[in-house]
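As written, the chain order gives the labels A, B, C, D and E, with residue 1 at the start of each chain.
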Amino acid sequence: SADTLKIAFIDPLSGPFGPTGQDGLNEWEYAAEQINAKGGINGNQVEVTGYDNKVNPKESLVQLQKALDNGVRYIAQGNGSSVASALIDAITKHNKRNPGEEVLFLNYAAVDPSFTNDRCNFWHFRFDADSDMKMEAITDWVKGQEDIKKVYIIGQDYSFGKAVAAAAEKNLTEKRPDIEIVGNELHPLGKVKDFTPYVQKIISSGADAMITGNWGADMVLLIKAAIDSGFDGKILTYYGGSRGAATAMGQAAVGQVMAIVEHNTNLEMSDAHAAYVDGYEAKYSESNYYYQRIDNAMHMLAMAAEKADSIDPVDVAFALEGMTYEGPTGTLTMRADNHQVLQPMFMSTFSDNVARGVDNGPFGWVADDAARIEAEDTRTETTCQMTRPSK
Amino acid sequence: METIVFSLLNGVIYGLLLFMLSSGLTLIFSMMGVLNFAHASFYMLGAYFAYTISEASSFWVALIFAPILVGLVGALVEKYGLRTVHVNGHVAELLFTFGLAYLIDEVVKIIWGRNAVDYKVPELLDFPLFELFGAQYPAYRIFTLFVALAMLAGLWFILNRTRAGLIIQAALSHPHMVGHLGHNVPRIFMTVFGVGCALAGLAGVIGGNYLVTDPAMGVQMGPIVFVVVVVGGLGSLMGAFLAAMILGLLQTFAVAIDARFADIFGWLGLDATSELGSITIASLAPMIPFLMLVLVLMIRPRGLLGDREL
Amino acid sequence: MSVPALSINNLHKSFGPAHIIRGVTLDIEPGERHAIIGPNGAGKSTLFNLISGGYHPSSGSIKLRGEEIGGMKPFKINRKGLSRSFQVSNIFSNMTVRENVRCGVLYSMGYGYGFWRNVGNLHDVQRKTAEILESVDLLDKAQLPAALLPYADQRTLEIAITIAGGADVIMLDEPTAGMSHSETERAVALIKQATEGKTLLIVEHDMGVVFNMADRISVLVYGEIIATDKPMAIRGNEKVREAYLGDEADAIEGDAA
Amino acid sequence: MTQAMLSVKDLNAYYGKSHVLRGVNMEIMPGEVIALLGRNGVGRSTTAKAIMGEVEPKGEITFKGQPISGLESYQIARLGLGYVPESRDIFPAMTVRQNLILGIKDMRHPGKHTVDQMLDMFPNLRARADNLAGVLSGGEKQMLTMCRTLMGDPELIIIDEPTEGLAPKIVHQIGDVIAEIAKTGVSILLVEQKLSIALRIADRVYVMGHGEIVYSGTPEEFKTRDDVRAEWLEV
Amino acid sequence: MSNIATDTMISLSPSGSQKFMQRTVPLIIFAVILAVIPVFGPSRTMYSLLNAMGVNIVFAMSYNMLLGRAGLLSFGHAVYFGLGGYAAVHAMGAIEAASYGDGGFWAGYPVFFLPFIGFAGGALAGAVIGWPSCRRAGTPFAMISLGVAELISAAGFMFGSIFGGEEGISGDRMNGPEMFGLSLGPINEVYWFIAFWTFIGVLGIYAFTRTPLGKMSEATRDNPERAEFVGYDPQKVRYLVFIFAGGFAGLAGGMSAVNYEIFTPEALSLAPSGMVLLMAYIGGIRYFAGPILGAILLTYMQSMMSDYSEAWLLYLGLLFIVIVMFAPGGLAGIFGGLFRGLRGDNPAASLRQWAVQITGIVLMMISLVTLIEMSVNWSNNYGEVFEPFGMHLPHDGVLTWAVIFIPFVAGVGILRKALKNKEGQA
């Protein structure tokens, strides 16, 4: 009998992070709409509902209860590892305390590596690369760049910033021992107004590339200050492609700023996929197609449900383990050992010569073949020791 | 040597930027005693107005009209809002502006959208003015410097060459009496608040393209402007200026210091690998203003050059 | 000889260059009612502030029952049994009359900063409050918010708070200022009764009150005491007439008599 | 007949529900000094406040022939009406000099008095000219308030209880000063309790009782009216 | 003499029955409400909202010990909430470790009593930070609190070993000895825990207002100078009150730690400090029950209103401004006025007046909500249109602007007239 597969999207929908969350919700809804048009998941219609958590862990738990009351069995979330962590804990406890009402957590953007390592959990699946894997990808790309000799690492002073710095240091010394790390700097989160002094330090250090995990204003202000002061090396970012950044960075950043992503809209695309992307951008004119992982997640969910012939989260979770999916950018694998997806990554470059722009402006992101990092190359060792429920 | 020159130059420029941001608040706070929490929101309005105007005509038109528009908004806010709560005292006024900040932020999102807008530095000023030890100095940054100095001069005139300050201060203790002496108190209040907001708007015109114009810019700048005004001292323009410079310099110099706590307090047995020991001075630089704020209020509550306590 | 209740010795106070109190020496005996008069700006209120801890003396000593109190914080001095009223009413205007008086009572009864007792159960405090209110004739207004009291009653409340702590040295700064004749008379009677057996130091411009109430009078002019004596003698003192009472002296004294 | 400087007709005023002024009528001619006498609480201060617009007046008040009820207080002041309130209201956080400067209505057209003249008039104030007014003694504050009002060049000054809290000798001095001011052609409405000065300097007296004027006449006449004194004044 | 005094003492303080009616009965009613709620079988959502409300009630009331009672405006009260909460969550970890490990003190400590630890943590933080902050009241105090909040919340992200980094510290409440037969697993059991502590918190804060220190904190708020001349050191009064306020905030933090089983550094930051200020003020800082109302309303708005409108922050800002401007007594003041009107000499008239005013307000709200929702939909560019009650209201529709303007004009007119009538009566 046909049922509804309900996905609760728990992310910020108001406040400073509202726009980012709204983009995510749009893409989930669009993905659901597209799959429903094709008959849904295993014959069931998919329904995505947004729950505004204001990126607050406690508020997320209240929203989780709301979702549970509404009969939701799938949770999607991505903004903020603090929220993801709280949700993972809460969902684990819920599943333990309420057998038969298990809930599955589809993580589409929270990148703390611990979720798929020592804190790994059967109920959590991640469709984004974690921050260590992204660094793996960035440094793979750096490995091929002979002219990069000195690298400066700068980041926000909190767990993520520190993790990025540590991974960068470790990977660079392994892959390019000749590269000198000329600076490793942390600054408080969201407190710096003018990055010029930092940039002076970077320029004085003679760095020819800079790696940063910064996001939001910390990233944009850093990049603007760097370019204004004439820094001409590459700026390798995690979140350069995020909403609004292109407008804020402007022409000067072209060719200099790079971002590690699983997709950009100027990659070569199949007709079907191009239609999918165009359809999205036509429908949500204020928003850009960004999260390929959401489309991936929806498809993998559908495949798993069909394989298990059930939409019960426990069955779906077992089916997802080790599954492969031929996605628009190549083959994706959901690792069984830690529930982390492996997918091709791209070191995209900011460009003003693009077919599909972002932020309704002339800029966009491009990646050539050399910028492609194969899925297998992003694999990292895991310390995960998964405990699985009995089937 | 290189570091010192850099830090001096950057410190001065950052200090001037801070001064520019807080000058309007200095005016409002020292004259009316209102700690305007929405100050940074008016700064944001200035940037957005400037963006819209410069889209339609040019940056130079925006430079004149955006602050005026912000000033008008400020005057309206005073007339229809602040005035009503004035009788309930400073806390009520402060809370009013606290709520106003929420309001302006949300309205800006509705009108201009939730992304950053493309508010650019005018082409005339978009070139590196000079180069120093390999780093460029954009002309716009130097332009900023001059605008800040002009604001200082203008404010000095308002504060010292007009009696408005005296009249308002008097009205804070005995509003009726000031009326009986023949002064139109409500109009002066409205004007001062308007001018203060206009100054915030001007800072927005300049800061919006130097930094970024997006709906979060107000929240971002929020607390730092209070620090400048309070550390500088109530009623003292020079104090605010001095405080802005000191904060600017301290912060930039601190960024240049890579020493870790362990290097400094090693003799206390602090280990460089420990959490506390591995913190660098540089990483604390942005927190210096708040440390200053707390220390100054504890040790010298009237601020650096203030003529009276808060 | 008994220790003076209050003993001031060569007291000086300057504000920057302004030398306001220029060597005041004065002994007040226990149980004495002592008035201080003098021209406006002579430093009477300043002297009060010095004694009660509002200001730090520049030099000199102030002894309360032989113990030095110059420069102590007001609350410390208050706890030693010296209490003052203000020239401008200074009450807790958001509280009721009863609560105002209770604030004056609490510390003296040993409840200090207590946070483990319910004030409602402090029967001794309630009794004392009621006594004070009764003695100043404000019992029937006990539940009114202090801010709504008529002016004269506010002045009375000011006095009530001052005496509530049971201090035995009471200082009143122009307690009858702004009162009408009949109100003044009532206030004088009340002060006399409420400070029975206590040491009283009072500043007044109403010569009627001063001459009626004081055992001794000191005349303060430009920060110096030019005379301290019995009322009759002060009245006849030429210097005092010249510096303070002026030509109108006779008329005013006549009024008061 | 010359036009009255200030004319008050059937003035009523309320505090909430209590009816304080019940039809006050008075007139002040140019150059006249009028004393308004009465017991405590009969509404003399309220009359002053009603004229100055601090209490909402019901009735007709004209100043130099122009109706002023309902105007803002600063407009009334600019017409040339000065007010020294009972509460003095000096500005405590400013120096004596700044207080005086605030008395000037328009810096571009300062009046005939200068700060220096004022300080000459009261040597006590000169000594404190650059001190904060908040620390002045009670008497000094009183002097300052009067000078501040004079700085605005008023044509009529309403002075409410100027001798309150003053040393007997100064009381006399203040009387002289008021007389002095009157000689420069300024009209004065003096609200006073102390008969001695009032009768010394006034051209006419009004006696007020229960919110209305119950007697008016010259000081000489008044001195003979023991019945009025007995009924309406406490003395 | 003593005779008279004893007689009058009775006449002065309220009689026993008055005390009972005014003080005990409201508390009993409060307790009964707390106890009866589960009878209605609340959903999970309802339970988690109720739990959040309980935490916020205690938090807002502790805040009001400062703002309302002692006149101290703080922008950093969440610091004490957070530090108390962290103390509790660390203790929760210790309980877990001890019950799987070698026992010891923590093995015997029930999770149910963790709010005590929170109280101790908050009070300790208050004692340390309050010492420099409380030397001054007014604006300096407010600014110091702002500075301290910035510093501590930055430290919260920097010191991972204490604050657990961005992801905070989580715990499991189902360890250690059970109390009152509550395993604290399911949310309805947690409800009893929260209800218990909410009641204790409210009772404790109420009791505090009745102590000599509580009374003197009000006296110091109104007139610090005079307080000094009746034997009190205003700094010490403020300092002690500050410690208690910190303690009760910590208690709320402890409740929150058990309720959510996680504590993150954002709990120390400016945002929750601002939120608690809004709660207390909107509820009414001059009324004991004010913050309770504020906490209930704002918790509800925060978690539920976002389901209906993404502009809920705008509504919150508007509500706050309206309260600051027109009803400084807050919700409690409004309800109090309504109640007094009904008990006054002319309940019918005041009822009528209220009806008129409410009509005016509702009309203005219709107009404002339409304007805001229409604008939000239009500005999103997703082609969505505000469609209340089947009406189609695009930004360029005539009907839209009619729905905005007509009620607005009518509302303003009605309110003006109501205001005039009120003045006329006075």
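Keep in mind that, in the parts below, a contact is a pair of C-beta atoms (placed from the backbone, for glycine too) under 8 Å apart; a residue touches a chain by one contact, two chains touch by 3 or more.
Note that the structure is predicted; figures quoted are calculated from it, not measured.
*Asks:* Within the chain touch network, how many edges lie on the shortest path between chain A and chain E?
*Replies:* Minimum step count, chain A to chain E: 1.
*Asks:* What are the mutual neighbours of chain C and chain D in this structure?
*Replies:* Expected: no chain.
*Asks:* Can you name the chains that touch chain A as well as chain D?
*Replies:* B
*Asks:* Hey, which chain ends up farthest from chain D, C-alpha centres compared?
*Replies:* Between chain D and every other chain, the largest centroid distance is to A.
*Asks:* Taking each chain's centre as its mean C-alpha position, how far apart are chain C and chain E in Å?
*Replies:* The answer is 44 Å.
*Asks:* I'd like the Å distance between the centres of chain D and chain E, where a centre is the mean of that chain's Cα atoms.
*Replies:* Each chain's C-alpha centroid was found; their separation is 51 Å.
*Asks:* Between chain A and chain C, what's the gap in Å when you average each chain's C-alpha atoms?
*Replies:* Inter-chain centre distance comes to 75 Å.
*Asks:* Mind pulling the residue numbers of chain C that touch at least two other chains?
*Replies:* none
*Asks:* Give me the residue numbers in chain E that touch at least two other chains, ranges are fine.
*Replies:* Those would be 154, 158, 160, 311, 313, 381.
*Asks:* Hunt down the residues of chain B that sit against at least two other chains at once, touch-wise.
*Replies:* 113, 283, 287
*Asks:* Every touching chain pair, please?
*Replies:* A-B, A-E, B-D, B-E, C-D, C-E
*Asks:* Given the complex with chain B, which residues does chain A contribute to the contact?
*Replies:* 16, 18-19, 22, 157, 185-188, 190-194, 196-201, 203-204, 216-217, 220-221, 224, 228-230, 243-245, 247-248, 250, 286, 359, 361
*Asks:* Give every residue of chain B touching chain E within the complex, in rising order.
*Replies:* For chain B paired with chain E, touching residues are 35, 81, 84-85, 88, 90-92, 94-96, 98-103, 105-107, 109-111, 113, 223, 226-227, 230, 275-276, 279, 283, 287, 290-291, 293-294, 297-298, 301, 309-310.
*Asks:* Considering only the defined contacts, which chain E positions touch chain A in the complex?
*Replies:* Chain E reaches chain A through residues 43-45, 47-49, 52, 154, 157-158, 160, 165-168, 170, 172, 185-187, 256, 260-262, 264, 266-267, 302-303, 306-307, 310-313, 380-383.
*Asks:* Can you list the residues on chain D that touch chain C in the complex?
*Replies:* These residues of chain D touch chain C: 39-41, 124, 127-128, 131, 135-140, 142, 164-172, 196, 234.
*Asks:* Quick one: in the complex, what on chain C touches chain D?
*Replies:* Interface residues on chain C, with respect to chain D: 15, 18, 37-45, 87, 174, 177-183, 205, 207, 243-249, 251-252.
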